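Consider the two complexes below, in which chain A is the common component and chain B and chain C are the respective partners.
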Partner chain A sequence: MPELGRSALVVALGLAVYATFAGALAARRRKRRLAVSAQNALLAAFAATAVAAAVLVAALVRRDLSFVYVAQHISRELPLRYAITAFWGGQEGSLLLWLLVLTGLGAAAVAFGRRAGPDVIAWTVPVLGGVATFFALLVVAIESPFATQAAPPEGAGMTPSLQNPYMIAHPPMLYLGYVGLAIPWAFAMGALLARRADERWIVATRRWTLLAWAFLGVGQLLGAKWAYEEVGWGGYYAWDPVENAALMPWLAATAYLHSVMIQEKRGMLRVWNVVLVTLAFGLSLFGTFLTRSGVVNSIHAFAQGPIGVWFVGFIALVVAFSLYLLFTRLPLLRSRTRLESLVSREATFLYNNLLLVAFCLTILWGVLFPILSEAVRGETRTIGPGYYSFFLKSFGLPLLLLMGIGPLIAWRRASVKALGRTFLWPLAAAVAAGVVLLALGAGSSPLGLSAYTFCAFVLGSIALEFARGTRARRALGASSWRGAFAQLVAHNRRRYGGYVVHAAVVLLVIGVVGSSLFQTVREQSLRPGETMTAGDYTLVYRKLERRQAANAEQERAVLGVSRGGRDLGTIRSGKNLYPVEQQASNEVAIRSDPLTGEDLFVIADQIDTDGTVYFKVFVKPLVNLVWVAGLVFVLGALVAMWPDPREARRLATRAARPPAHARA
Partner chain B sequence: MIALSVAALLAVFLLYTSIAGGGTASLQPSQLGGHFGNQVQLAGRVVGPVQREARTLRFGLRDVKGTAIVRVTYTGSVSDQFRPGRDVYLRGRLMHGVFVGEKDSLVTKCPSKYVAKPSSGGA
Partner chain C sequence: MSTLALLLGAGLAVLCVLWVASPFVREPDAADDTLAAPEERRLALLEERDRVLAALKQLEFDHRTGTVSDDDYRATVGALRRQAADAIRALDALDAPPAETRRQEAVNVR
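Up next, the complex of A and B:
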């Protein structure tokens, strides 16, 4: 079996190399059959990688400990679902997953990307082949998942805190996001190599970009939910370098998704879009490098294998290659239209882009800071959460405001009179929300009050957009209001899907602000029978329970909860002690209020032998909106991605003629 | 032009905040000399014995790749992953030969799914 896996990877490497060189030759000499052959090689590389992946999955399912990889990551008793997730649980397996997703997505994007034009496709294949060659080389020559040994009696097992449903989905989703960003980058490079700088490559990769961006976003939220429930320190994001590694490409991709609309509508920002797509892909490679190089202190202890140097070299190659193409194709990329006014929709998109990229780069600076300070001052210095929070506020609040302003402003140029008219209702919503929140006592945090007022403005603007659009559809002859609404969304899925995503961001902001700026934290040591309060809640520590479960000793402090004299039942917070793994895990108690979105979050931080427990209690208003935001985000992304035959016809017609701004 | 201006302003600000003294020094036990009383981030590997007295921990911390050790006193939350052999980092100050950690600043590196291979000496 391991021989089959190794052979399949060698075949995949050979096919990726063939796709690179034969594809480049075919594109350069315009040999159609050779180009098709290179394209097929990419598909065949996916098939070969799938065979290797199947071998590894089979070894994990059979608990074949003669595979070094299997023995290092699972034990015989590990439940099957977690044994399978060990596929991406180690370095070698995760690199194999990279290759599998890359060749699969790449082959599919090329097969369905005909809109980009045959010459662009012909050049995209060798670019994707080059990236696949790098990853295939890593799993063949540097980090093979198919090394074997004499089977030990038992495997190392999996860290208990990682045996969690969220961790089944979180890593592969992030991978789909990271790898997916290779697709728009490869098409951008293909377009530049083919000297075709029009919008076709953007149109051909729009859904792939949305898909990668959505996976990256959902993957991060799942990681946050896991941290909140399983790690149990009372938070869900800690500005750790490894967390930032996923946030940075998502921010760059968010900027890109907005700026491509300007290129499609007005033919502007062509250079900027190539820069952004390179930044997004480069940062996804950098994120992968960061988690494996150990160059900065992180709460996540990843393996420090030899591949860090390879990644640095590959990132340098990708950046150099992209910049070379960008500079040599600059005359092709010059915009034929200019920004007509600083008060226009395209201008707000530009401001949005600057803020997103600035925030992304400040995070990158913070992550790289220890390395740079070492180089400049000879001493490693780190930056704490305060740095990131400062920039989150500085860039996040204006971004939030722009999310409300952008949809209301006209393209090209907006008059002050028109602005006053369109902003009336959203502004009224913001003022009303501000007054109500002040009356409710939200003035204790001016920052929180500002954020919530901005949120109301954005929600007002989204509601107004939907209302105006539905009314217009009704006036055009829709039989009912519901029909008009359905038509509105169906006829412009990207736009209205985007608004739903904006609503998700607003929910996220409300949840984050509520659970951080308005949270209550109380710590107290209690003996059985003693009481403490946190916010409106009263907690009575009743007793300590000890129970032997299948694979762990469980200790639980039983607490009675009441609020305003009303009994809310009992909760259990404690620890699990895993004797085999010699590990313990916090098992926090979370009591969610579905009506208010508030959580009562209890950590039994220290349990003494005499039954005394040191409790850390958080009351987190609105925190559940963070998770609701994830669902709304998925809904919005699905609406925006959903295939639309009308749009396909429109784009086909547009692709058949030069763009309007080129004819002007 | 706008983009370049904003980028330039940002770059200047970032360079100022960072090179001109931003951040906290991140040191290993062997590098603590000369930082007496200054707030630093100390990173290293936990060595026993670990003594616990109410909410206060006393343990040794040594260089991950070295032998220098400093005694640490710390009060606050402790991860379940904390134990001798684990890599940790915490903020604090060196006072009279003992590193005094700030409350709730101790971070124990999570043995993530990407665990180090035995040959690399990981915990």
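Up next, the complex of A and C:
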């Protein structure tokens, strides 16, 4: 039923246009019913988009190859779960997903965002409507997922590397993150349009921002896990522009989540916070543009493609609109308070912000430079991992250190005496860790040793915060230590959830440093029966197996693994050949050690007809902590997002109507 | 199939229009059609009061845990208490009935 899909998208476009113009009119003339009507239009646009999405999913499930989109992205043999994931596998489908998530999140944020106040909400609706109009226009007029043709006998199939379980969750999570960042931006713009400099837009979007940031973070980790297991090059992050596209808005949103606390606690950084939400949303649009326009692979695709110019125009419009509002509302946003001391919690947040934004902008330059170079000078330039690694070290290590310093310093000011006392234990933990690691041979990488020492400092600082807080709660009358701990977290979920997220970052750093700076790599060509070693492992290449699966021919080299004379079983590494797609993929063998977090990672890089295989073997210490970090990150984000009834009551009294005589 | 699809599309459009028009259908002659907006001064004072009270609470807790030394605590707490008192006083003044109303209430009580 492509006609139903097309009609539903036209209806969604009409509703988005109505939400924009009627919403703006209602906000300007302060018309209550018209404002509610515009809000309803946003919700109705979600319903209409959901109908269109259902039509596309149904076509994918039925393998209806009369839909051009379906024929281009799946084959009849493709397993059902991957046929469904083709919904976001192509450009038209992913734009439809953008619209679906945007209208859904937008309608929900407006419906549940009463704390922002009717005046701010009234202006937020047309802003969200404007963004929805752009995406609806793209899927209606430029890249329709409902184009039809005479059904071919077979579809083009799906790129083999996308036929992976992580691809079921990774793209939707990233999209929820990208699109979710539209919510705080729209509310910020709504507040500026309403000429309101108060914190209502921040309070109303706090959880939406955390949610988008958490989805973006988890989506990236799932993408890294997919790259590690499926792409088969021996790593999980390659500083690819599309990977960077997701990292940049996450960094900007991380900076915002920290700086917004300064606004809430001290009433400062109002302008900066608007800049950061704009940067985060602008970068999420830029990320979608990079992923979808083809500009990364070839500058000519950008020039010829129908979508690139539209995206560039829209990003320019968003930036110009945000800057116009920011400059015209500057007098409203001026802070009345100042930083009291450069040694204070808010100062460390400020340093953290500068480092995060600087890192974000250096990545942006690394992504933009090859595009601009090709566009302006016609030269193909690439920015290699060395560039990014340099800035990761330059900005990442101080950031890591600040994660440990921040919690130990009080708000407003801290004397040297207080600092000496609070820094003692974390510093002792860092020195002890450094000495032990040096004794264990970690001095082979001074950078790795520094990173691990900093990690120990941060973990020491987090543990100290929890320990001292729990002790203080116990002294305040908690009946047990467990109760005191629960009270501590419950009374300040964002603070302690944030510490759990910091612990996740430390685990991530430990995993990344271990698996990159302390990894062992061996490459060797083996015939059946021959042996090679990598680190403590001995691998015996036993035989080559061939098997026909549902949609691929599989070749696997069977390897016996032992360590220190102890047999650890067999692993299989090889390739899949996909006849429909005419492509091959590396299917790596990974043997994880749950106790040490180490992986033995084997790539059968080249398989000859005589059975000789060229193996690449990696021993990656602590790499599994990268994935454990993801779980801890989710836990921390959930703690930080969990509703706090005490805060809800406090905000309710703030939103309560004043006495009648005060209103008169 | 295409006729059915078009009919379904038209049905969807009608439902959406009805939903969008519902505020006007439900209240054709609304007595008050003006968007409410909070009073700016009051909101600013409420935010200031909450911010300072939260800062005081945080300071007390950080002092108890040892993050804030006795000297830093003494240097900060006084100013915060004054700010909190100022915000609460200003709010009370804003919410207090005007003199004429207070006089009238007193007469009524008598």
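The rule is simple: the second predicted complex is superposed on the first by the 632 of 664 C-alpha atoms of A that agree within 3 Å, B and C clash if a C-alpha of one lies under 4 Å from a C-alpha of the other, contacts with A are read in each partner's own complex, and residues count from 1 in each chain.
One rule holds for everything that comes next: contacts are C-beta pairs under 8 Å (C-beta built on N, C-alpha and C of every residue); 3 or more make two chains touch, one makes a residue touch a chain.
What you see is a predicted model; the values in this text were computed from it and never measured.
A.B. asks: Could you say whether A:483 touches chain B, chain C, both of them, or neither, answering first, second, both or neither?
C.D. replies: neither
A.B. asks: When the two structures are overlaid on chain A, which partner does A:361 contact: first (chain B), second (chain C), both, or neither?
C.D. replies: A:361 sits against chain B, while chain C stays out of touch.
A.B. asks: Between chain B (first) and chain C (second), which does A:308 come into contact with in this model arrangement: first, second, both, or neither?
C.D. replies: After superposition on chain A, A:308 lies in contact with neither partner.
A.B. asks: Which of the two partners, first being chain B and second being chain C, lies in contact with A:560: first, second, both, or neither?
C.D. replies: neither
A.B. asks: Per the contact definition in the header, classify A:417: touching chain B only (first), chain C only (second), both, or neither.
C.D. replies: second
A.B. asks: For A:383, decide between first (touching chain B), second (touching chain C), both and neither.
C.D. replies: Only chain B is touched by A:383; chain C is not.
A.B. asks: In the superposed arrangement, which partner chain does A:94 touch: chain B (first), chain C (second), both, or neither?
C.D. replies: In the superposition, A:94 touches chain B alone.
A.B. asks: Is A:165 in contact with chain B, with chain C, with both, or with neither (first, second, both, neither)?
C.D. replies: The answer is neither, since A:165 touches no partner chain.
A.B. asks: Chain A residues touched by both chain B and chain C?
C.D. replies: Shared contact residues on chain A (touching chain B in one complex, chain C in the other): none at all.
A.B. asks: Could you please specify the touching residues of chain A with respect to chain B in the complex?
C.D. replies: Where chain A meets chain B, its residues are 72-73, 86, 88-91, 94, 156, 158-159, 161-162, 167, 171, 231, 233, 272, 291-292, 297-305, 350, 354, 358, 361-362, 365, 369-370, 372-373, 376-377, 379-384, 387, 575, 582-586, 603, 605-606, 614, 616.
A.B. asks: Hey, which residues of chain C end up touching chain A in the complex?
C.D. replies: 1-2, 4-6, 8-10, 12-13, 15-16, 19-24, 27, 30, 32-40, 42-44, 46-48, 50-51, 54-55, 58-59, 61-62, 64-69, 71-72, 75-76, 94-95, 97-98, 101
A.B. asks: Any idea which chain B residues touch chain A in the complex?
C.D. replies: Within the complex, chain B contacts chain A at residues 2-3, 6-7, 10, 14, 17-19, 22-27, 41, 43, 55, 77-81, 83, 87, 89, 91, 107-117, 120, 122-123.
A.B. asks: Going by the contact rule at the top, pick out the chain A residues touching chain C in the complex.
C.D. replies: Counting only chain A, the residues touching chain C are 1-4, 6-8, 10-11, 14-15, 18, 26-27, 30-37, 40-41, 43-44, 47-48, 51, 117-119, 122, 194, 196, 198-200, 264-267, 408-415, 417-418, 421-422, 465, 468-469, 471-472, 475-476, 650, 654-655, 658-659, 661-663.
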